[in-house]
Structures are given as C-alpha cells and as structure tokens.
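What follows is subunit A paired twice: with subunit B in the first complex and subunit C in the second.
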Partner chain A sequence: MMTTAYKSKDLATMYFIVATVLFGAQLLMGLIGAVQFLYPEFLFEIFDFSVARTVHINALVVWMLYAMIGSVYFLLPDETGIETVGIELGKLGFYVLTVAITVVVLVYVFIQIGPAAESTIWLINEGREYLEAPRWADIGIVVVVLIFVYNVYATAIKGERTGIVTVLMADLLALAGLYLAGMFFVDNISVDQFWWWWVIHLWVEATWEVFVGGLAAYGLIKMLGASRQVVEMWLWVEVAMLFGSGILGLGHHYFWIGTPEYWWEIGALFSALEPLPLVAMFVHVIYDWGKQAGKNGSNTINNRPAFAWFVMNAFGNFLGAGIWGFFHTLPQVNIYTHGTQFTNAHGHLAFFGAYATILIGMFYLNLQSKNGIERMRSTFNSKMAISLISFGVMGMTIALTVAGYGQVLVERAQMGATWDAFFISQQAQWFVQGMGWRLAMGIVTIVGFVYLAIDLLSISKVNHEKV
Partner chain B sequence: MDPTVIIRPEIALDDFLPIFLSSSFVLLFGVFYVGIYALVKMGTIRSFYMPAAYLFWVAQTYSMYLLSSLLSNDPFTTKVLILAMFGYLVVPHLYYHLNVRSEKRYEHSVK
Partner chain C sequence: MSNKIVSVWTDNNFWKRSAAWITGFSAILLIWLTFDTLGQITQGTDTDMQKDAKGLYFSKRIPSATVINYKIGYEYSDKRGHEVPTINGKEKFFGRDDYSEEEAAALLHLGKLGSQAKNCMNCHTLLGNGAYYAPDLTKAWLDPKWKLMMAITQKKTREEAMAEFLQHPSKYPTHSRRMPNLDITAAEAKGLVAFLKHMSAIDTNGFPRNFGKKDITLRERSAK
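Coming up: the complex of A and B.
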C-alpha cells in the first residue's frame, strides 16, 4: 500500500477499506432479504430473513461509522496542520473494533439467539432493533470511540482549530455520548423506546447530519477552492439549524409509543422545520459550485468523481431525508405509515442520499491524496458506479413507496392494522409487484457497487495530472 | 382505573394520495422557489424569471394549506403552518444576504 506524508491518512485508508467491504456485505444481505420477501422458502432455516435483515442494517450503520472515523483521520492533518496525536492508539482501536465487529457478525449468523437470561444480553444479542450488538461489544465500541475522540481533541488542542474541526469536536462528543442511551434497559417498553430513539434519531437526524455538513464544507474547500470563511459561515448556520430542528424533531418518533401527547405538537412542528437546513445545504453546494465555476472556468473541480458524489449528496439528502421524511412525519399520517414499507423507502433513500454519497466521495478524496494526484478525472467505471447505484437506490425507493402505499391503504386504513390485515396486505398485488421491482433495482445497485469497487481499486492507475 | 381510550385521527381513503402528493409538493415547490431565487441573484438566469420563484412559493403555501386541511388540523396548527410558510419566504433572502455580506468581508482572503 502506498503511504502518505501523514500516518493519519494511512489509518484513514485502513478504515475506508473495511468500510467498503462492509458496504458490499450490507448490499449482499439486502439482496438475500429482498429475495426472501418474494420467495420465503429461499434459504429458510439456513439463513433466515431475520438474520439477513439484522446484518443488512447493522452492516450499514457500522460501515458508515468506519467511513466517518476514516474521514476524520483523513482531514485532521489538513485542518490542524499537524500529524494526528495518538496514532498508534488509533491503530489499536481500529484492530480491536474490526475483531469485535467480525465476532459479532459471526454470532449473528451462526448463533443469533440465546436463553432468556442475562448471559444472552452480554454474549449474544441485546435484542434491540438496529443496535443488536451484545453488551461486551457495546463496551468495546465505547472504548474505541473514546480513543478516537481523544485523538481528535488532543490533535485539535495541539494544532490549529479551524471552524470545521471545532464543529467536529462538539459533534463527535455528542455522537459518542448518545450511544450510551442505548446501553441500559428499563422494564417499561415505552420508557425503554424513549431512550432507544435518542441513539437512532439523534445520531442520524442531528449529529450525523452535522457531521455531513462538516465534510461538505471540507470537500468544497478541497475540490473547488471555495473561500474557507464563506464555507464555514454556512457551516455554522447549518449547525444551528440542524440542531435547532433535529433535536426536538425527535418528537416524530414519540407519537404512538405511549409517550405524553404534547410530543404530537413538538414533533409535528420541529419535524416540519427539519427540511430547512437540508434546503440550505443544497443551495450552499450549488451556490459555491456556480460561483467558483464563474471564477475559474472548467478547471474548477480537482476531483471529479468525488465532486459528483458530493453533488449527489446535496440532492439525495434533500430528497431522501427531506421529501420522503416530510410526507410521513406529521402524527395524523404517521399512525398509518409507521413501520410500513413507507418507512423502508425513506430509510433507503435517506441513508444513501444523506450519508453513503458523501462518504463514497471521501473515498475518492483519499485515493487522490494517497496517490499524489493533482486533478482526478472520472473514469467509465466511476460514471457507471454513480449512475447505477443512484438509479438502483431511487428505483428501490419508488418501488417500496408503491408497496407501502398499498400497505397503508389495505392494512392500516381499511383493515385497522390487525394481525390478519398484515398478512392480507403482504399478498396484495401492489405490494408484491413493489417488492418485485425492489429486487430488480437492488440488483442494479449491486452491479453499480461492483463498478465502484473496481473503480476504487483501479482509478489511481489511470493517467491523471500528478502533483 | 379508567378504560384506555385510543385517540386515532381518521383519514378518508381517498385523501391519502392527495396528502402524500401535497406534502411532497410543499418541499418540491419550495426548492424551485429557492433555486430560481438563488440563480437569479447569482446572475445565472435573467431577473425576468424572479416572479416564477414567488409563484412557486405561492404554490408551496397552497400545498401546505391543502395538506393541513386534509389532515383536519385544528385552526391553531393550520395558522402555525402557514406562519412557517412565511418563514420559508424570508429564509432565501436571509441566506443570500448572509452570502453577500460574507463575500464582501472575505473577498480577498485565501486559505
């Protein structure tokens, strides 16, 4: 592996490699689950839907965390002007995390469940959706994240503290701290869910979005040469808006789980405000692009594949988190859509649009830096990757929306959300056809991923302008 | 102990599609509004198109009103949502103002 001037960037590469592998694993698990929706006997009692779904979702969360940690190690030397402090500790954290994740995945696949005893929570599975890791792994994750946060803080204190680094320092502390809310249990299921949502919602709709704002700011400076002061001014505006709407937007998860009714008003109002910062981010990227293009002509962008993914992020974040989130975020509608394929459609486009896109962009920025490329061009594989993955995810989203619409009408509105209603709606024509198209579009996404993997392995060998 | 009462808002079957469409239009028209506004201000397209931006804002506000009516919101909530639409009207002006001010302030700064 070619090394860079900073060990921090080499560590970032290690994180990015594992992230890419886990991304592939996530798609493979999604494909198995999508087939099982249509053909339930497929791998029945060999590799059940419950396992495929668990690994699909957890792999998603984990590859994004790997890519986020990698992104911070990548940008830290550029922003602070010094080598990252505690790099050996960071490497130790990387290996501990990777071994822990491997063991947890093997347990998901081969063991899955245990007796109703405390030992199961500690060793096999905590049984909480999206956060299924056993408690030993939870504690390991906290230790690794604390090492990471220490490295970031120690480096920022020793080096220069730009606006981007300052935002990331605050954000990472919140991101790490919120994970603790998912580590304890209470007997009352409503109270338990109340805290569980702190991890799920406050991660993805507050801290992760702020993190993306930080990456977008860094990317615009690196790729377009945008003015740091202007970009950081935007970043602070976005941070204020994201935290302002995102924290109490948490209320949209509290509508129908046994929490007090005042959450209806709080959730509805702040959720309605949540798309605002996404519009701001969208306008900001387009504005900076247009402005810099006007100044420098066609030579503006020094990493075209990364920039294409960053632009896709601006659109995808707005569409997936904004539109697909907004149309089922008010309590009157949410009671009908909650837990249907509508949620699934929103989840697919929002995670892809808001996070996967910009993190893939960071992969390309890393490749450019690692190989000393001054201007990185898009290849045929780069274009195929972004086109097929985006088309595939959008297609899956639309197919799931159609299936969800049928589910809302039949299962929820007409039949009153009973046990029978669930099974009848699963067999309805609109639902089954939607699932068929989802499978087809899932295959398109996987083909796109193959192009992406080939491109990441080969793009640095293409004839780019070298430094 | 009082019997449990489940308060569930009822939505007519025919209203689901208009609800999903109107809520999508709230944001789509909104992005057209801020998009055209920003492009005109940046000089990318002619100022002739500026009225179209405001027309999109009107369409956005109507979509929000329609959504609120279909959801049978109480009058107070409807008023709050329409008030939020005036917020959407002001926000692009504020963004642009911030941009121009910061551009002027840091025009020659390079880092």
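Coming up: the complex of A and C.
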C-alpha cells in the first residue's frame, strides 16, 4: 500500500532536492581542493583552498542534515499513521533555512574572510571547522530545527508511537540540543575545541549513527517486509551499543588539545568499542536480507536501487567509520597520525559509508512512493551511479591512506612535525602519487554523481510495476 | 506485532530499558568528566606564571596570556614520558617583557578572533585539528624555520619575522604551495603571534612528538 497523499512526503521531496544539489556542490568544491594539492597556483588568491574546503565540508554537513530532515518527514506518516502536524510551519522553516544557507554560501564564496573582530564571527565566518556558519545563521538554524523537532514530537504524540519513532524522538532532541555547544566564542582554544568536539563527535559518532540505525530499521521493514519486532529489537540493541561506546568515545578527541591524560584510557577504550555496533548493524541487514529472501518468489525486495544503497551503508559504515577509524584511534598511534592525510582518508570513507549511502537510499524510497511504484527496479544509471561513486570514494580513501602513510612516516616519525618537515613530506613521492590518484578517483566519483542525478530525474519514468 | 516473548533476550522492552540505562549512565559519566576537565583547562593567572618562572615547568595546562613575557621551550620530561612546555626565564616580545595580564589577554583575544576571522583552520591544523593543506600550528612559535625567515624578512626577532610573514605571506614563498594574502593588519599580526606563542605553551600531552628535534632542511643539508 503506497501512501502518496501525505503533504509530509511532499515536504520530504523538497528537502531531498536541495540535498542532492548541495551534494553536487560538495563534490565540485572537493575537486577544486584536490586540484590545488597538485597545482597550488590554481585559483590562488582568488578562490583559495581554505574557501573551497569551507564550502566542501559545509555543503557536506548541510546536505546530510537536509536529507535527514527529509527522511524524517518521509517516514513519519508511515510510522505514526497520520499526517505530520504543523506541516505548513515545516514548509516555512524549509524556505527560511534554504534562503539562509544560500546567503551563507554566497558570503563564504565572495567575502570569504573579515577583520579580526566579533562582527566577522557574527556575519561572515566563524572559522571553526564544520561550524563555519556565522552566528546569525546558527540562530536561524536553531529556530528552524526547533520547528522540525516540534513537528516530530506533536505528530508522534498524536499518532502511533513505534519503536523507530521513539528512538528518533530522543535522538533528534539530543542532535538539536548539541548544536548549542558550538555557539559561543572563547579565547581559550582548549575550551573552544573541547566544546567543538561535543558537537562534531556527538553528532557523527553518536546521534547521527543512531539516526542511521533508525533509518535502516525503517528501510528493512519497508523494502523487505522484515518483522517489526525483530527489527526494533535490533534497533534498541544498536542504540545501547552506539551510545554506550560513542558517548565516552568522545575521549579520543581529547588526547592532545590541552585536556588531561586520563582521556587517553577512556578515549582509547570506548572508541575502540565503537566499531562493534557497526558490525552488529552490518550483520543485522544481511541477516534480515537472508531471512526474507525468496519469501515472495524472487521479488522480495521492492526497491532494488534503495536496497543496494542500504547494503552499501551497512558495509561502508563498518569499513569507513569502524575499520578506518580504529586504525588510528589508539593514542600510541594517534600521536603520529593526528591531523594528517590519515584522518582525511577516514573522514572521506566514514561520511560516505555511514551517511551518504543510506541517505541516497532514502532518495530512491521517496521516488518510489511519490510515483506510486510498487516494485522499483535498478536501471543502468542506478547501477553506474552506485558502482562509480562507491569505487571512486573507496579509491580516494586508499589513495589518501597511502599519502597519509608517507606523510606520517616522513613528517611526524622522522622529522618531528615542523614547517619544513610538513613540506618535505608533501613532496615525497608516495604523497604526490597518492594525491594524483585521489584526484583521479574524485573525478570517478563525480562521474558517478552525474549518473545518480540523471537516474533520480528519470528512474520513475521507466516501466516499473505500478500500484 | 507478535507479543509472544520467548526469552528476555528477544524482549524489546528489555533492550529498550538497557539502551536507556546505558545511555543515561554514559551521559552522566561524561558530564562528570566534563566538570573535571573544564577545571583543569581553565587558564592560569599571572601569579601562577611568576611562581612557575622560578622552576622549569608550568603548573597550569593552559597558562595565562602573560606567558608572552617568557621564553618557552618544549622538553622531554622523564616523569611524564613525553615532551612538555617549559618556562626558561623572561624574553622580550615586540620589545617588552612586562605585559600586564590585561594587555596580554587583549592581545590573545585579538589573535584568537583573528585565527577564526581569517579561517586559519581550513588550511592549517591547530592542536592537530583542522585541514591538512598547511603545517600544524600547535608549536609554530617554536619552529626552527623562523631563524631562516628572520633573515629572509630582514627582521631582528622571531615575533617581528612572524608578523611580517603573516602580513605579506605570498611575498615569502617557501614551497610551491604558498599562503595567500589574508589582509592581516599590523595590529592583527601582533595578536596572532601572541596567540601562537600562547598556544605553544599549552600542555598537549606530548603532541606533536619530537617537535623540531631534527632541525633540518634537506636543502641546507645536501648543500653542505
């Protein structure tokens, strides 16, 4: 039974469209940065690396937040059985947020930096990685997110409150509240980075992961017809494991920023446990897939492109966040790898594997529902998109890991992390070749994105089984 | 939904309660540790600094801004098992070594604001966090490179060379990857140098390791 009449799902579509555009912008900015690593005169003093990088990571965070909000508006009517409460307010929030983000990006691109004054922090750029958005925009984001959280709570209270909705309610409140920890200025850089990590870490290594657990649970029920009781039981196990390891795993960011030594032990222990729930999530998806396969003949999966991205998520989350994170999470290793291309390699595969994949899966679920398609098949474009994007990101990750090895051994282990040590490592053959391959694999990723965009625009016109 | 409970291990309520307890317990532990850590990373005072100056080590993890009046080192400590910042008597900073707590704090404030307003963190890392396009700035004040840069910028002191470089970075390329001009004024540059000097005195548990212990530039070496 497809439910296309909900306004909540139309609002989801609006969020998904902006998310896809921002995803494209993210890749374009990444391309500029990757070129500058090899040809540093490219756009020098016009559109410097710092500008490209700011937009690259902000577009990343914002497209994912858009896709997450869209996902909630999409699944809420299915889970609660009713139309979302406050949908008009939600629409207003969408327009306010989109206008605000457009202004923020234009300021990043054309004004870039300001004088060393509070006014720059308020109007141009806060200059803190990932949280660059100026303070006025922070306040706007909080207001819009409050509307969103209100809508979710009001709907859940009025309609049916499933396990998935209960998890999302708790998770979204924490996610929104944590943003406040990144909204003040201090002179003490250790205090600054202490709270900064509250936002970044407790988002991407705790609340976002739980959110993904909720989406995976919803998707398995929706696409495979998996048993809600089994899926929700797994979800609660995952929440326990994710928060149990992720909250204190925050300690692995407190090794070297001026904070006390006891974070070595706490951070090492709990962050080393962080991969476990990711293994559990992976096993769970594969288990449900196997359990349901063949139940309704060969047509168990009713949305093949979405399911492929969900499986990619289970795999990529484990590999990118779990394995690549574990590689350098122990302080004995991290004292050398902290802040090198190693971190960069992990960042690329983790954000892609843990978040991009499942959110793209949600785009396909939305297209299926919007067009009343009972069984959505993969097209040639769907397959090219998932293959090229995954291969591209994996390729970038391996290239950056190789470059990272070169950098760590030369700059950190051998030469002691100075200005000269840094640049000598950047000229090392392993490093330069790694950066070359990263650029090539980045281009593969972009080609994959073009296939994805074409597919999202055209897949619903292909001959699927209609309701 | 089936309500048949085979065992506690397949009981959703058991797992729901477990998740709530584990999350609550972790959160409370984190909040408790946060209070302890914030106490330990509160900036020290000038009084602490004057006491510390009689010995070698800082008593505070994050010293007072008046650290700019002193000579800072980074030495291996047998007790700690890694390098720690050291205090080695007075040192002039832009010609003075008597900055009051207010004056020094004002410079640090300007420098910290500047570090954000100029978006340093999206090329450099600070305390190891940021982007990976340019060198880590944690101990930049102590970088042996400034000796060479003093000659290149024709300045007599390290702080003047740093301030000159920050104001006209693309004029002094040291690598094909140059730092762009960021419209940094003389006053802002002074603040930024104070900020960098203060950061080099933060106790980072030995990060980065062996900093500047190999005072090499390969070019200089191979020239010998």
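Following the convention adopted for this analysis, the second predicted complex is superposed on the first by the 459 of 467 C-alpha atoms of A that agree within 3 Å, B and C clash if a C-alpha of one lies under 4 Å from a C-alpha of the other, contacts with A are read in each partner's own complex, and residues count from 1 in each chain.
Keep in mind that, in the parts below, a residue touches a chain if its C-beta (ideal position, glycine included) is under 8 Å from a C-beta of that chain, and two chains touch if they have at least 3 such contacts.
This structure is a prediction, so every number in the text was calculated from the model and none was measured.
Student: Go through the superposed model and pick first if A:I247 touches only subunit B, second if only subunit C, both, or neither.
Tutor: second
Student: Return first, second, both or neither, reflecting whether A:L273 touches subunit B, subunit C, both chains, or no partner chain.
Tutor: first
Student: Regarding the shared-chain residue A:F326, is it in contact with subunit B (first), subunit C (second), both, or neither?
Tutor: Touch partner of A:F326: subunit B, not subunit C.
Student: Quick one: is A:V237 in contact with subunit B, with subunit C, with both, or with neither? Answer first, second, both or neither.
Tutor: Touch status of A:V237: both partners.
Student: Looking at A:F44 after the superposition, I want to know if it touches subunit B, subunit C, both of them or none. Which is it: first, second, both, neither?
Tutor: second
Student: Among the partners subunit B and subunit C, which is in contact with a greater number of residues of subunit A?
Tutor: C
Student: In the superposed arrangement, which partner chain does A:Y336 touch: subunit B (first), subunit C (second), both, or neither?
Tutor: A:Y336: touches subunit B and subunit C.
Student: Tell me the contact category for A:I286 with respect to subunit B and subunit C: first, second, both or neither.
Tutor: Once the two structures are laid over each other on A, A:I286 reaches subunit B alone.
Student: Mind working out whether A:R228 is in touch with subunit B, subunit C, both or neither, as first, second, both or neither?
Tutor: both
Student: After the superposition on A, what does A:Q112 contact: first (subunit B), second (subunit C), both or neither?
Tutor: Only subunit C is touched by A:Q112; subunit B is not.
Student: Is there a shared patch on subunit A that both subunit B and subunit C touch, and which residues make it up?
Tutor: 227-229, 233, 237, 261, 335-336, 414
Student: Which of the residues in subunit B come into contact with subunit A in the complex?
Tutor: Result: residues 7-9, 11, 13, 16-17, 19-20, 23-24, 26-28, 30-31, 34-35, 38-39, 42, 44, 67, 71-73, 77, 80-81, 84, 87-88, 91-92, 95, 98-99, 102-103, 105-106, 109-111 of subunit B touch subunit A.
Student: Under the definition above, what is the set of subunit C residues touching subunit A in their complex?
Tutor: Interface residues on the subunit C side: 1-2, 10-12, 15-16, 18-19, 22-23, 26-27, 29-30, 33-34, 36-38, 40-43, 61-62, 65, 105, 108-123, 125-136, 138-140, 143-145, 170, 174-178, 180-185, 188, 191-192, 195, 199, 202-214, 216-218.
Student: Would you tell me which residues of subunit A are touching subunit C in their complex?
Tutor: 33, 36-37, 40-41, 44-45, 48-51, 53-54, 112-118, 120-121, 124-129, 132, 163, 166, 185-194, 196, 227-229, 232-233, 236-237, 239-240, 243-244, 247-248, 250, 253-264, 266, 335-336, 338-341, 343-344, 412, 414-424, 426
Student: Taking the touch rule as given, give the residues of subunit A at its contact with subunit B in the complex, in rising order.
Tutor: Touching subunit B: residues 221, 227-230, 233, 237, 261, 265, 268-269, 272-273, 275-276, 279-280, 282-283, 286-287, 290-291, 318, 322-323, 326-327, 330-333, 335-336, 405, 408-409, 413-414 of subunit A.
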